[in-house]
Each structure stands twice: as structure tokens, then as C-alpha cells.
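Two complexes are shown next, each including chain A; its partner changes from chain B in the first to chain C in the second.
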Partner chain A sequence: MKKRGRGIAAAYYGTGYGNGFPDVSRARAEISKDGNIFIYIGATEVGQGAKTIFCQITAEILGVETQDIHFVCEDTSQTPDAGTAAASRQTYNSGNAVKKAAESLSQRLMEQAQNHLQLNSVHGLKLENHWVYLEDFPKKRVHFKELVKEDTLIVEETFTAQTVKMDEETGEGAPYWPYTFCCYGVEVEVDTETGEIHVIHGVCAQDVGKAINPELIEGQIEGGFAMGLGYGLMENIGLSKGEIKHNRFANYLIPTALDVPELEKIIVEDPSSTGPFGAKGIGEPVMIPAAPAILNAIYDAIGIRFYEIPVTPERVLVAIKDAQKEGKE
Partner chain B sequence: MISISLTVNKQVYQVEVEEDLRLIDFIRDKLMLTGTKEGCGEGECGACTIIMDGKTVNSCLVMAFQAHGSRITTIEGVAKDGALHPIQQAFLDVGAVQCGFCTPGMVLSAKALLDENEVPNRHQIREGISGNLCRCTGYNKIVDAIELASSYIKEGQQDETSSSGRQ
Partner chain C sequence: MITKCIRPSNLEEALEQLNQQGYDGKLIAGGTDLVIEIKHHPYEKSTLIDISRLKELRFIEIGETEICIGAGTRFSDIVNHPEMKGICAGLWEACSSVGSPQIRNAGTIGGNICNGSPAADSVPPLLALDAQVIIKDTTKTRTMPLKDFYIDKGKVAIEANELLYAIKFRKPKKDEYITFEKLGLRKALAIARLSCAVFISLGDGDKIEDIRIATGAMGAYPQREEALEKLLIGEVFDAPLIEMSTQEIFNIAKQRLGSRSSAVFKCEAIQGLFGKALRRAAKEAKSYDFHQFNS
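So, the complex of A and B:
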């Protein structure tokens, strides 16, 4: 018989290295003599979209288009260290470093423009489309190229996240900054004859602080959900005496396109006071509520609580048999 | 050595290959078409998918000599005259690419599917790419992209007929 059930799960997640560990990102911004804008940062792009949002952040600050930014990352001979693409920290930590570098560059451009235009101060200057101009009197303007024709303008900035080590005795402290929140709901169908579980629908609500790039966020949510689904239902490394027995895709199963349901994504924006434009990291949080929501839905469907993952068909059948036995006794 | 002749991306090759050379190694190392990726090397992940005589195959499981006389399309042969194939365009427009390692295989599986069934439903699309594993995207946007590609292809055909009608 096929039985359906629904479940939800919520999670909160502290992003960054946390617990007092130094969490530092550095970024360098340059405008070369020919007016080209460069960002150098050691942050690694692994498909999550870091490159895209760093260009967006820079473009926003300097008043240019995203495609105007020459972005250099990963090459350690050219880029300042920005830590690992881990702990869901690149948007927040390196995003802040990029923002600081772009702001610093913007400030330098305005100072040069003040000299060039013989103004009393930098107040009221605006950057747009590679020009610096006085907002109240736009005729007072100078092109970026004019300001850098003598010397390349280079600035480097560092962002260090604020985290406090927890007290080992009391467990008190502020180990992470910031936290990210999410809640997923799923509907599953359990086949009581075969033990197979099919997740037929999922709704994912994710707090992101500020969505710098909603399309990329949706991609992260969908990928995280699929990983969480695999974690809850199929992925088992089969550790035996320190040896991984399931060391290939033939026996370590991950979800295919037929296993992952259509997902409804809800992006919740509540800007974080310390994030770049209020943004926070979501790389790992998006994975967390999937498995517990699925296990709750399984309980709703067949009345059995599982305390071990993955909930494979074999485990479901054994549990159903055990439950029937207990019922009879 | 065995001498074989085959067509890859509309180009005919007459070559001598080692008997134990896999088709993926022929494609990547001899033809230098490195868009075809090797993931697991045992036919589970689909990263090395190519189209051989109209059907998708895992090029890691085919020996080069078995491709004798066949017509092969790799990811490099999908774009036409420098313009992206509608499937490639749709992948970009939807944001269906994250790390990108599965993407060439996904695009070719999608092409083989759309060549046979111009307007697949979402379940048929999921079936069509079920031999291609993706760890990043959760597949949702890939399914969206293939659905969009299907509409691009239909629109393209309409444009062609309407423009030829005008002539």
C-alpha cells in the first residue's frame, strides 16, 4: 500500500568559522591606467556563484555594470587570501571584503576627482558609468580614465568576522555571526510493500538576509535539498573497520533527476546589519532541514520514527515488520 | 593497432588506435575535445555522455574501435556557426549550471531527448536525464532549462517557416 505523509523541519545555522577562530577575507581593487576595473580575491568559485555576486557588489558600489569588472580569483600568486569556500562564509565574509575594497576605491576616486575638479570637498560626488560627477551640478565631471592616467589606483581591504569563543565551562558566548534560518516542508509517499520512499513535493523557505542574486540562491536551495534528500534516504558510505565500502556510484547512491521533486522556493529577506548589503551565507543551511522534514513526513505516513539515516527501503521494511510484531504481542 | 574511420562533429577521421583505447580517451586525448568529462569511469555518472548514431552512450564504456563507422556528436559539435544551441542558451538563461562538470553530458542527453521528442513533459525530461548525475543543482533548473529549450526550438522552427514563407 502507498501511504502519504507530510513533515516539516526548521534549522538555524551559524555561518563562518566561528567560535573565536580568526575568519579573515582580503580583497584588492584596482583601476588600471587604461580605466579597467579589477578585483583580486583568493575566494574560490566552486559553482555557488561567488564570482557573480562579488562582481555585482563591486558594480553596485562603483556605479558600473557587472560585466565591466575584471574579476581575478583563486590564483594564489595574484590574489590576497580570502579563506576557504567553506562554512557558508564567502558571501558574508569575502563579500564584505570586496565591498570594503570597492568602497575604498570609490573614496580614492572621489578624492582624486575633488583635486581634479578643484572642489572644496568630496561631498555630493557620485560615481556612475565610469564618471565621477557632482550630483547638484553634473557638468562638474571627470572620467575614471582621466583620474588614473598617471598611476594605477590600488587599494586592499580586510574584513574580519566578529566571533567570540564559547566559555568551555558554561558554554556561553557568541560563537557565530551571523546566523541563518530556514524551514522546509515535504510530502512523501511510502510504499509499504517495497519500503521505497518517494519525496513528491517540497517547499523551502530560506532566510538570506538580502538576496544579492535570487537565481543563484534558488540554485543553492535546490542543490541543498537534493543533498539533504540523499543524506536522509540513500547515501551510506558503509564504513567498516575504517574502510569505506561504498566507494563508487554503483553502491553509494546519490539522487537522480527522478528522485528530486519539484520544489517551491521562498526567499526570506531580513537584512543582516553586518552583511554586505545585508546578505548572509546559505551554502550549508539549505541542506540541513531536508532530511529531518522527510523523516517527520515518514512518521506522519506510517507512524514509525526513524532515528538512523539513511532510511533505505530495507530499513523501512524491517521497521514495518517490527512494528507489526509489537502490535501483535 | 586497429584502423578505424568515424565521424566526429561532422568531421571524418581515419585513424589507427590501440585496441584497448576507450572512446572517451580517443575523444579527449587524441582529438583534444576535452569538453567531454570523465566522472566515475564506470558508466554511473553520465558526465562522459556523447551522442553516437542518435543515441546517448557513456563514452567511458565504449572502446574506440567499437565506434568504427559511427557518427558521433560531442559537446563541441552542438553549437552551430558560432551560435549556441537552443539547449545551451536555455541552460544559461535559466541558470542551470553550477560547477559545470555534468553540464556537457546533460546538454547531450537533453539533445538526444529533444531530437526524439520535441515537447517532452517534465517527467519525461527527468527520465531523459536520469542517467546523468548532478551534485550541485538538484536538477530543478536543468529540467526548467530543457523545457525552455523545447520552446526555443519550436519558436526557431516557426521563425524559419515564417521567414521562408515571406520569401
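So, the complex of A and C:
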């Protein structure tokens, strides 16, 4: 018999290294003599889309298109350190460093434009399409190239996250800043004759502060949900007397595209006061509620609580049989 | 270790090469199992004979009363065939459940049979169809029942100079149907933890004229469950019979699997899989309202 059930799970997650640990990102912004914009940052792209959003942040501040940014990352001989692509910290930490560097570069451009255009102040100057111009009198304008004829313009900025070590005695403190919140709901179908579990629907609500790139966020949610589904239902290293038996993807199973349901994704925006444009990191949080929501849904479907994952067909059938025995006794 | 690969241009040449190489020769078609085997384990044979491009081995012939499928036919060929799903649903379902599209494009039904895996997806439905294997060497062609082809895990009754040419079976008629059920740990790229195929022929008054049941991954090789078939032939298909037969397959599984760690699970799961395959086969064989058997 196939039984359906629904479950939800919520999570909150502290961004960054936390607990008073120095969490520092550095970024360098340049305008070369030919007027090209460069960003150098040691942040690593691991598929999460860091390269894309750092270009977006820079482009937003300098009034250009993202494809106008020459972006250099990962190469430690060329880039300042921006810490690890870990702890869901790159959007928040390195995003802030990139934003600071771009803002600093913008300020320098405006100062040079003030001189060049013989203005009294930088007030009212705008950047657009590689031009600096006076908003009230747009004829007063100068191209980036003019401003860097003599020297490449280089600025470097650092962002250090604010985190407070917890008191070891009392556990008090403010170990992370900011936190992200998420809540997933799933519907499952459990085949009580074979133990198979089919996740048929999922709804994922994720607080992101501010979505710098909504499509990348949706992609990250899809991936996180798939990982969580595998974690809850499939992934098993098969540890036996210290030996990992499932040492290949032939026997260490992760979900295929057919195992992951259509997901409804809800991006919740509540800008963070310290994030770049209000953004927070969601790299890891998107995975967290999937497995507990699925396990709650299984409980709703068949009335059995699982305290061990993965919940494989084998475990489901054995648990159903045990429950029947108990019922009879 | 494999040091040489020969690609004969026709079947005759392939048989000739197989004869010459003797024990050193190994046939390769889709290679979806063999290549992994060669890479991961020291391999004793030295020469691969690649038959993947032999057109003579790649065909699906649907006759008046008989269906014949060449051993080199890809799973995709069967899945994409316009008639196979309608005529032999269970075989089509099994071929559709093999690996992934890439593996189905490369893997052949002959390879699936000869590899001798207890979990081979296409074999239980072929067993339930009472298929015959057609085997060739340079001088002769012989035919034997598929159910006798399996000797042990990974061992099939074929000599070093022989090649599986094709597989044939009687075409299912009206009032007959074949189903396949597979329990994998995910929806694609999953090796069967357990599988089951049921062929049923229903007569007047729901009398079971004939039934053939085959299981996969419930023992050293895929096999016919003839003891169970005997209990059902001639009986009227009804709810108590389903109950009795699922209990019986539990007993069979329990006896066969003994104290294996998977036994508790498989003994439970085979009841569900077999029950589903049986109910669905009967429902399709007779297209009247069968909802009473579908709990």
C-alpha cells in the first residue's frame, strides 16, 4: 500500500567562521590605463556563483555592465586573501570586501573627475558606462580612460566580520552575524510493501537578506535539497570494522535527477543591515531542512519515527514489521 | 591483461576469431559491465573481440507467433521499438529500468544475459516469457531454454568458442500479459536489490491457464519459481489466491536466502514486488474491473 505524509522542518544558520575567529576578506579593484575594470580576490568559485555575484556587485557600484568587469580570482600570486569558500561566507564576507573596494574605486574616480572637470566638490557626480558626469549638468563629463592616462588606479579594501567569542562558562555571546533562516515542507509517498520512499513534492522557503542573483539562489536551493534528500534517504558509507565498503559512486548512492521532485522555491527578502546590499550567505543552509522534513513526512505517512539515516527501503520494511509485531503483542 | 582488441566485420569472422583465440578471447558488446571489470580487477584474458558493430546481431523480429531479438540489440532499441511496449510490457519495463539513457544506448540484451548477474534487469521477464537462447559457433547452432542457461553467479552454460546469437520466445496472445517490478535504491542508475516478473494467461472464469514467475537478485542468479507456478496453474485467480501465493514466495525466499543479512528485508519486499507484478499482470490480461485486488 502507498501511504502519503507531509512534514516540515526549519533551520537557522550562522554565517561565517564565527565565535570570535578572525573572518577577513580582502579585495582589490583597479582601472588599468586603457580604462578596463579589474577585480582581484582570492575567493574560490566552487560552482556557487561567487564570480557572478562579485561582478554584479562591482557593476552596480561602478555603473557598468557585469561583462565589463575583468574578474580574477583563486590565483594566490595575483589576488589578496579572501578566506575559504566555506561557512557560507563568500557572499557576505567577500561580497562586502568587493563592495568596499568598488566603492573606494568609485570615490577615487570621482575625486579625479572633480580635479579634471574643475569642480568644487564630488557631490552630484555619477558613474555610468565608464563615464563620470555631473547629474545636474551632464555635459560636464569625463571618461574613465582620461582619468587613468597617467597611472593605473588601484585600491584594496578589507572586510572583517564582527563575531564575538562565546563565554565558555555561560555559553553567552554573539558568535555569528548574520543568521539566515529557512523552512522546507515536503510530501512523501511510502510504499509499505517494498519500503520505497518517493519524495513527490517540496516547498523551500529561504531567507536570503537580499537576493543578488535570484536564479543562482534557486539553483543553490535545488542542489541543497537534492543533497539533503540523498543524506536522508540514500547516502551510506557502509562502514564495517573501520573499512568504508561503499567507496565508489556505484555503491555510494546519491540522488539522480529522477529522484528529486519539482520544487517550489520561495525567496524571502529581509535585508541584513551589514550584508552587501543586504545579502546573506545561503550556501549551506539550503541543505539543512531537507532530511528532517522528509523524516517528519515519513512519520506522518506511516507513524514510525526514524532516528538513523539514511532511511533506506530496507530500514523502512524492517521497522514496519517490528511495529506490526509490537502492535500484536 | 587485455593487450589486443579485434573488431570482426561480420558474424562469421567473429565466430572464427572466437574459435582461434580459444580461452584467451573475450567478447565485448556494450562493455557496460566488462570495461569496469577490466579496469578494476586483474583480467586473465588477453584479447577482446568487439561485436558491438555487428548488424547481424542487432534486430528485433516480431513474427506471427514468435519474437526473436538479436543478442547485440541495445536496450534503447527495445525501449524505442514501436510495438514492444504493447506486446511485452514486462520486458519493455525491465529494459527501460536499466541504468541511464547512456547505458541503455550502449548495453545489449545479450550482454545482460551472458554476464550472469543475479540482478540483470532483462532476465526475469525473459525467463517469465520462457525464452530460448540461440547459441552459435563456427560449425553449429544450438538452442536451449534460458532457465537452464544459468549455472551459478556469473556462470552461464556457454563454451569459450560459442556466441549468444539471439533470444526467442512465443509472442504473448490476448488474455496474456507480462509485468516486471524492480526494487532499486533510487529511480535511475540503480542495480536491482530485488526484481520480479510475472507472465500470466487467464482463461474463462479467471482460471489461470498458465503462469510463469521469475525473480532477480533473490539467489545466485535470476530464476524461475516453478514450485510456486505449479501451485497456481489451474486455480481461479482471486484474493485468497494472491494471499496464498505471496505467503508462498515469502517461504521460498526465506529458505533460499537463509541467514544472509539481507534476508529479512528481501523476504518482506519480495511479497510486495511479486504481489504488485501478479495483480497488474492479471488486471491487464483481463481488462474487466479489477480494483478489488488493488489494495
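Simple rule for what comes next: the second predicted complex is superposed on the first by the 326 of 329 C-alpha atoms of A that agree within 3 Å, B and C clash if a C-alpha of one lies under 4 Å from a C-alpha of the other, contacts with A are read in each partner's own complex, and residues count from 1 in each chain.
Simple rule for what comes next: a contact is a pair of C-beta atoms (placed from the backbone, for glycine too) under 8 Å apart; a residue touches a chain by one contact, two chains touch by 3 or more.
None of the values given here were measured: they were computed from a predicted structure.
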| item | value |
| --- | --- |
| Which of chain B and chain C A:Pro138 touches, first, second, both or neither | neither |
| Contacts of A:Pro313 with chain B and chain C, given as first, second, both or neither | second |
| Touched partner set for A:Pro271, first chain B, second chain C, both or neither | neither |
| Touched partner set for A:Glu262, first chain B, second chain C, both or neither | first |
| Chain B versus chain C as contact partner of A:Glu193, first or second or both or neither | second |
| Partner chain(s) touched by A:Gly124 [first = chain B, second = chain C, both, neither] | neither |
| Touched partner set for A:Glu218, first chain B, second chain C, both or neither | first |
| First, second, both or neither for A:Met227, with chain B first and chain C second | first |
| Overlap of the chain B and chain C footprints on chain A, listed as residue numbers | 250, 255-258 |
| Parts of chain B lying in touch with chain A, wherever the complex brings them together | 40, 42, 44-45, 95, 97-100, 122, 125-127, 129-143 |
| Parts of chain A lying in touch with chain C, wherever the complex brings them together | 1, 191-196, 234, 250, 253, 255-259, 312-314, 317-318, 320-321 |
| Residue numbers on chain C that touch chain A, as the complex places them | 36, 100, 183, 185-191, 193, 262, 264-265, 268-269, 271-273, 275-276, 295 |
| Residues on chain A engaged by chain B in the complex (per definition of touch) | 46-49, 215-216, 218-219, 221-227, 248-250, 254-258, 260, 262-263 |
